[in-house]
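One chain, chain A, links the two complexes that follow: it is found with chain B in the first and with chain C in the second.
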Partner chain A sequence: MSFGRFALKRSLQGVGVVWGVITVVFALRFVTPGSAINAVAPLDASQETRAAIAAELGLDQPLYVQYGQYVFNLLQGDMGRSYIKGQEVTTLVFERLPATVELAVAASVVAIALAIPLGVVSATNRNEPVDYGATLLSLGGISTPNFWLGIMLILIFAVEFDVFNTSGRGVDVGDVALSVVNAEPFVGTLLAWLAYITLPAIALGTYFMALITRLTRSGMLDELSKGYVQAARAKGLPRTLIRYKHALRNTLIPVITVLGLQLGTLIGGAVITEAVFSWPGLGTLVIESINQRDWPALQGSLIVIGTSFVLVNILVDVVYAYLDPEVVND
Partner chain B sequence: MVSSRVIRNLKKEFRGSGLAKLGLALVVLITLTAVFAPFVAPHDPTEQQLDQSELPPVGFSETTERTTSQMVDGEIQTVTEEVEITADPDHVFGTDGLGRDMFSRVVYGARTSLVVGVLGTLLAASIGVPVGLLAGYHRGRVDDALMRIADVSLAFPSLVLAVALIGLWGRAAVDVPDPFVVAGLAPGMPESFVLPITVVLVVGLVNWVWFARVARGEALSLRGQEYVKASRALGADDNAIILRHVLPNAVTPIIVLGTVQVAAIILLESSLSFLGFSGTTLSWGFDISQGRDYVSSGQWWIASIPGLAIMLSVIGINLLGDWLRDALDPGIEGEGGAA
Partner chain C sequence: MPTDNDDHIDRRTVLKYAGTAGAVGLAGCSGNGGDGGDGEDGMDGEDGEDGMDGEDGEDGGDAFELGVTMGQMDSGLDPQDHAETNTEIIVGQAYEGLLDRDKEGGIIAGLADDWERTDDGSVRFTLRDGVTFHNGDDLTAEDVRFSIRRIVFEDVGIASPQSNDLGVVDEVTAGDGEVTVSFEGYNPIAFQLFATNGEIVQQSWVEENGGDYINRNANGTGPFRVTEYSSGTEILYEPNEDYWDGAPAVDELRMSASSESSTRVNQLLAEETDIVTNVPPNEVSRVNNSDVATINSVPSARIIFLQMRYDVEPFSSQQFRQALNHAVDVGSIIENVLNGFGNITAQPTLEGHVGYNPDIDPYPYDPDEAERLVEESGHAGVEITLETPIGRYLRDVDIAQAAANQIDSLSNVSCEVEQREFSSLVQDVTAPDIEDRPHFNLLGWGNGEFDGSQTLTPLLSSSGALTVLENEELDGLLTDAEATEDPDERVEILQEANQLAHDLAPWVFMHQQFSVYGVSSDISWEPRTDEFIDPDTATQQ
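Our next item is the complex of A and B:
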């Protein structure tokens, strides 16, 4: 199979999964019958009022008609209207999405930037103090609840030392970029951005830092014991070249796949991190929608979250296939 | 199944690893605490003593400024005064905002975490393992269908799906009588343990797919083995082959995954109770959410201590998982099983 065909096949599979995601989300509403009406109707609503609301929401139609209508609307980007906020769900979700993406990317950058060097140093200094230190750190990292870590960071850096903001988003990363164009004080805007994003990014990123450190360490140990590394050593190639060009590259390929699969954990973690730091993202929208029984907003958020996961994983698989052509023939 | 070679490996790895010993010690400690909670806890964890609220842990007596508002001559005046807050040796970990003993709450919280962790894992495994084995063994359409369901299932983060399901189903809990208290052995302790049944159900349903993936992978590789082919040639029934030949050989990675899953589900449970999606108020996550309101006013211990309890339990279980993995099967990758 050629690379192009692989990418196409994987994309078509992805479309199937997204369809599954939509169907599951549609079905969720029927797990508790009547709740959609209850969310909108006053408690003492008469049967007629309830029937009128049901008709307005299309709930009096046969199930397959509702489903067809739902999918049809979705394809046109219409996810309905929020029961509580009155806005279009599509608008609502895409207003919140950038904040979550920003947080998730910041957390991943912090995690990857620290974890890969740490994992490499740990593996190349096996059983030295630095290796034990990294092992303990990563063990702690995968075992710490991120919401608790967030609160501890607030306790230390906001309450005791008062250096960071603990609630809300302040400026977004776009403002930082725009400050250059608009000749505004860049450093000031950057610092304002950092004041808000640093703590949530650390709280969310720690688990991934720990996970990537563990994966990089065990992957490096595995690669360094392989024949090609010994051959390269016997040939007299410089040690740094062997470590970073050969061994690390081969280590990173599986690390990328695991990270793609862990994207769900990243988004799940973002939901709770956003709750701790009142970060105005999709996570807070999910929690709000559930507490207010705002099903259209919940469904819209779930569809966007599920679809993002599928898209990122297609991307990961395609990149993986590009880096390691053997996968294509698997 | 468990052969003498396996036991020898377990012992060998255990002796060589301080971390494995630490893990086992932590898990034993937490299990004993959870089981014998009524004897370990000095107070009823739900008993409120408002005159003893916000006491710091032993060793952390402190003077703080307390601001109170009073009506003086028809105007509201705020008065700031220095108050000495002395720790009470009767409350080792201090008390929370309602004067409940933190140590007793941490002890009882271990029950919730462990019970949800173990029951949730068992539920996930009892769905995932049979489905995975059948799909991997038979391949074909069943397998394709399973893999697509798994793909869809993985597209939703566990926490998000769990929150959505609990939001839809409600926060049901059942009261399980505490045998020690019923037998009159621990007077003054809560008579029943509140089991958040929806949470157990939901974490099981959300995490079954990890077991299905591992069981499927094992079945796929085992179905080609000579002894499986031989049984089939001898006319053995497929289900009998799965039970007698495939399952026993797939047990090792399933146990390793199960251990990691208990840790992941404990983390998931604490997240759910932190967000208020649980049926019980005796939980580490719930206490952290309560303690969060006190962080800015200086009562740091209310949120900190339950989190340390979560961390130590999860570290213990993860170390145990690492030990089992190293001893039972060096070939297993350390991925999967996310919270």
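Our next item is the complex of A and C:
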């Protein structure tokens, strides 16, 4: 199979998965108790009012009509209108998506910046205090619930020491970029952005950091025990060169794969962190939509999250196939 | 309109730069390794405090920026297409009705400066002169007519969830600066309804714009003008300089939401906001012990009760229902679960509302009497389940568990709690057929009209949308109350209905919920009984 056919095949599989997501999410509304009408109408609304609202929302149509209409509109880029907010779902979702992506990327950066040096130092100082410290840190990172960590970070660094903002997204990365274009104080805007994003990024990235630290450590240990490293040492190559140019580069291949997959997870998995920090991302929209049975908004959010996940996976597969052509033939 | 940066990088944030810059600087000075930097956090905090000193220095300016943080944002900005409190608070800054209420719930003038009942039972409103919408256009009688019709008549534009909120309207006519509303039959509480409901929109603005636009923008006559709206995140307002009652003192109003109560409290204590709603009882001391904020609470118009369906055993027995009222120590629940933020209730109508009966005392907590009544009812040994929503009302699950434990401690009744997600429970509570409704459940009810009939009719009349009772005598009283034109006589009828409801005991009467706010020490603001937030009455300390 050629590389092009492989990429096409994976893309078509991705389309199938997205269609599956759409269908499963649509079906969920019919097996979940509760109705959007109860979120729209007051508790004492008459049955006539409820029927009128149901008709306005299209909920009085048969299931297959609702599904067909939904897929037909979706193919034209129309995700419908929120039952509760009365606003276009496409607008709602895409005005929240940047916040979620920004947080996911920031969390990844925090995680990578800490995890890879920590994993390398841990592996190269095996069974020494620094290794134990790094192992303890990564164990703590994996074991600590991120909502608890988030609350602790807020209490310590925002309420007690007043260094960062407790919550919200008053400044975004776009503002930082615009400050350059508009000749506004760049450093000030950057620091303001950091005041908002640092704590949620740490809360969300800690588990990820712990995971990558362990992966990097075990990968480095594995590479350092291989024959080519022994040979390099025998040749008299400097230790730093062996570790960072040879061993680390090989270690990073599986790490990068995990990074790619985890980025997708972060986009879909930031729900709790977003709630703790009132971060205006897709996670909070998902929670609101579930609580209010706002199916169009929930479907739109999940489709975008699912599609992001699928796209990242396809990208990782394709890059992997490019780097290792044997994958194509497998 | 200010730029994004102007909006977002406020004074406080700029001053945080210093703290954060200090953190970065100190981390750099600390030299080797990130781990060492962590040890400097205490110093970072000191830098942050320096920033706050600077902030104090800037407080001499005139700008009065007010932040309000609630549990949830709006469900769109169309003032006539929603039915919940948070949205009302948000849209109510920009839109107004013909009548309004003061902080205690009394009826006051709004867009109408005069109102009267005509001989045929209709109500006539005389519009205030010189009122303009935020786009500069004058308010007209036609706008008012359109607004009322848009709420009550589906064919005017939307199936409004408020369609029952103004009574059964027959027709609306617009005259020269006057609007007359006629009803099907006599509507004894027309003015109460218009004081709580019926916000006015501009006809041409609504007709020219689609639903998506109307839900993202506002064009009312209220004290604040919307300047920026981020759906589900925050909304910014500026004062309406042309407001008929004078522009508010607040220079910029920011309303946002945090679903986590601890996050709201943290925002308040970090001085990032000025008013936070629904402070849970366990956070009250943290706020009161701080130097920057205090708790401000007020009895709300919301009651909490345990509904019992009259048509299923053992709740079909009046004695059994009364027994459960004796079995639950509401005072202890208020004291221990709600930290005192509640009043015991004895009837469906709250004190201060039309029809409240001052002669009714709560069922005394008396487990022995409860056991005796259970024996008499013939249901000794019965097992019952109390269904409760999760997180809908202040400490609802804890209240339900406490009440169920007290019932369960009776020697002849077993009671357990079933926690249910609210949307799922409300689906059953509002089922068209009473036979599909829960047997025993916790529910809350807000009466924004301050009139007893607005609780008794929907919740306890045979035709009520949420009823658990069918009693001819009570139905008769409520029918009489609806028809009588004499206000004093109507009050007596409602008082009699409340006495009957107390005796029939279709609920375990629990408590009146308090609205508990955390308020910054930098401002002076008094909460209202109707749960609405009025930042235009806030002043700087």
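Quick notes on this structure:
Throughout what follows, the second predicted complex is superposed on the first by the 282 of 330 C-alpha atoms of A that agree within 3 Å, B and C clash if a C-alpha of one lies under 4 Å from a C-alpha of the other, contacts with A are read in each partner's own complex, and residues count from 1 in each chain.
Note that in this section a residue touches a chain if its C-beta (ideal position, glycine included) is under 8 Å from a C-beta of that chain, and two chains touch if they have at least 3 such contacts.
None of these values were measured; they are calculated from a predicted model.
Using the contact criterion defined above for the overlaid structures, shared-chain residue A:Ala55 touches chain C, although it does not reach chain B. Considering which of chain B and chain C touches more of chain A, the answer is C. In the superposed pair of complexes, A:Ile287 makes contact with chain B and with chain C alike.
Shared-chain residue A:Arg214: touches chain B; no touch with chain C.
Residue contacts after overlaying the shared chain place A:Val171 against chain C, while chain B stays out of touching range.
In the superposition on chain A, contact is made by A:Ala275 with both chain B and chain C.
Touch criterion not met for A:Val120: it reaches neither chain B nor chain C. In the superposed pair of complexes, A:Ala247 makes contact with neither chain B nor chain C.
When both complexes are overlaid on chain A, the residue A:Val93 reaches neither chain B nor chain C. Contacts of A:Val159 after superposition: both chain B and chain C are touched.
Comparing the two interfaces of chain A, the one with chain B and the one with chain C have residues 35, 151, 154-155, 159, 275-276, 287, 291, 293 in common. Across the complex, chain B meets chain A through its residues 19, 148-149, 151-152, 154-160, 163-165, 167-169, 263, 267, 270-271, 274-275, 285, 288, 291-292, 295-296, 298, 300, 303-304, 306-307, 310-311, 314-315, 318-319, 333-336, 338-339. Taken in their complex, chain C has these residues touching chain A: 3-5, 8-10, 13-14, 16-17, 19-21, 23-24, 34, 41-42, 44-45, 47-49, 51-52, 72, 74-76, 78, 81-84, 154, 158-159, 161-165, 211-212, 214-216, 230-234, 256-260, 262-263, 266-267, 269-270, 272, 421-424, 426-427, 429-430, 432, 445, 458-459, 464-466. Only residues 33-35, 38-47, 49-50, 52-53, 55-56, 81-82, 84-88, 91-92, 95-96, 114, 151, 154-171, 175, 178-179, 182, 184, 187-189, 191-192, 194-195, 275-278, 280, 284-285, 287-288, 291-293 of chain A touch chain C when the two sit together in their complex.
Residues 13, 16-17, 20-21, 24, 28, 31-32, 35, 139-140, 142-145, 147-149, 151-152, 154-155, 159, 207, 214-215, 218, 254, 258, 261-262, 264-269, 271-272, 275-276, 286-287, 290-291, 293, 298, 302, 305-307, 309-310 of chain A touch chain B in their complex.
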